[in-house]
Amino acid sequence: MPYVNIKITKEKTPVTVEQKQQLIAGVTNLLKDVLGKNPKTTVVVIDEVATDNWGIGGETVTERRKRGE
Amino acid sequence: MPYVNIKITKEKTPVTVEQKQQLIAGVTNLLKDVLGKNPKTTVVVIDEVATDNWGIGGETVTERRKRGE
Amino acid sequence: MPYVNIKITKEKTPVTVEQKQQLIAGVTNLLKDVLGKNPKTTVVVIDEVATDNWGIGGETVTERRKRGE
Amino acid sequence: MPYVNIKITKEKTPVTVEQKQQLIAGVTNLLKDVLGKNPKTTVVVIDEVATDNWGIGGETVTERRKRGE
Amino acid sequence: MPYVNIKITKEKTPVTVEQKQQLIAGVTNLLKDVLGKNPKTTVVVIDEVATDNWGIGGETVTERRKRGE
Amino acid sequence: MPYVNIKITKEKTPVTVEQKQQLIAGVTNLLKDVLGKNPKTTVVVIDEVATDNWGIGGETVTERRKRGE
């Protein structure tokens, strides 16, 4: 019955549907393997966040990308 | 003073403004009726999530919809 | 398949199990009635937050309670 | 290592990149000043929510705006 | 730079520190393998929620457990 | 009308009520100064998370603390 929320930045090369499926299958299996959680009721929500709206180290990811970080 | 976050999938037939109003009014009234919470400071945020970004049972909702589930 | 998170303050008179059941049943029914969502896969998580950890109007709820608000 | 999520309404005049930077820098500094948290690992995510999807007082912000509130 | 939040029910047999480490390492590796995300800045937060505070199918997990589900 | 969620680790020296008030007042003022948001309806929720439940770099904060990081 777990609920997992994955937040990632929205990049110029978008995350593909296949990659999203791999994330969802992967984290659902992880919860089954480690804690015995039932995959049927495991919910995963992926949020893609604009780099202007994501900050780390006191600045936006957009700014960091400009400097090559 | 409650805060409620409702996450639903974004479907082909979008949720209407009227339905959003019903959700907001409904959950605000529920919190007043059950717990006596003040509607004036009850905040409700609705997130509509693409079916590619929502997983259950280890796969995306998009995949499940294709199989008619 | 909705996911609902309800955050409320933790009061001296705690929320009872019955009240929690009413909140869970109420919001699940609301999503069925307004949007036709399947109750079986509707997930509701209730968070009870200490009044020292909840702020509104720039101050903690604990402070507001002291002034009778 | 804090994680901060700021949710605001999406207005007709959008929040600028500069304002987002000020929010990110401001909250990162606040956590350093008050709690000594390391800015390098402080993460801030800003969500902009449509006024139809934000409710307060039992109605959408869109409705409140129409009445001049 | 991803942020992952895992919510699970708090059971009588508590989740061990080792299991938490496996969840954190597992989801961090998944994001590196699928999307090339840097493990150094991947943040994972695990919330353990009382079964009275978790609802599915319109009732608390506590109730479901009583019926052997 | 903003909603802000601040997640920090629960340390041996707990965050004091005064520090929580400074965080709540600080972030409320920041939103007023940068975006003109009304402090009266700005909500702030602080979550204190056990270091066993917080991961960064693929391991728990508890482990990192042991190594003096």
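Labels A, B, C, D, E and F are assigned to the chains in the order they are written; within every chain, residues are numbered from 1.
Heads up, the rule we're going with is that contacts are C-beta pairs under 8 Å (C-beta built on N, C-alpha and C of every residue); 3 or more make two chains touch, one makes a residue touch a chain.
Quick caveat: nothing in here was measured; it's all calculated off a predicted structure.
Novice: Quick one: which chains contact chain B and chain F both?
Specialist: C, D
Novice: When the contacting C-beta pairs are counted for D-E and for C-E, which pair yields the higher total?
Specialist: Of the two interfaces, D-E and C-E, more C-beta pairs touch across C-E.
Novice: Among the chains, which has its CA centre at the largest distance from chain D's?
Specialist: Taking each chain's C-alpha mean as its centre, the farthest from chain D is E.
Novice: Take the average of all CA coordinates in chain B, do the same for chain E, and state the distance between these two points in whole angstrom.
Specialist: That pair's centroid distance is 21 Å.
Novice: Taking each chain's centre as its mean C-alpha position, how far apart are chain B and chain C in Å?
Specialist: Chain centres of chain B and chain C, defined by C-alpha means, are spaced 14 Å apart.
Novice: Provide the list of chain A residues touching at least two other chains, using ranges where the numbers run on.
Specialist: Counting only residues that touch two or more other chains, chain A contributes 1, 3, 7, 23, 41, 43, 45, 54, 56.
Novice: Considering only which chains touch which, how would you classify the arrangement: line, ring, star, complete or other?
Specialist: The chain contacts form none of line, ring, star or complete graph.
Novice: Which pairs of chains touch each other in this structure?
Specialist: After working through each pair, the chains in contact turn out to be A-B, A-C, A-D, A-E, B-C, B-D, B-F, C-E, C-F, D-E, D-F, E-F.
Novice: Flag every residue of chain A that touches chain E in the complex, lowest number first.
Specialist: Contacts found on chain A: 1-9, 15, 19, 22-23, 26-27, 30-31, 33-35, 37, 41, 54, 56, 61.
Novice: Which residues, counting only chain C, touch chain F once they are in their complex?
Specialist: 7, 49, 52-60, 62-63
Novice: Quick check on the complex: what are the chain C residues that touch chain E?
Specialist: 17, 20-21, 23-25, 28-29, 39-48
Novice: Mind pulling up the chain D residues that touch chain E in the complex?
Specialist: Result: residues 1, 3, 41, 43, 45 of chain D touch chain E.
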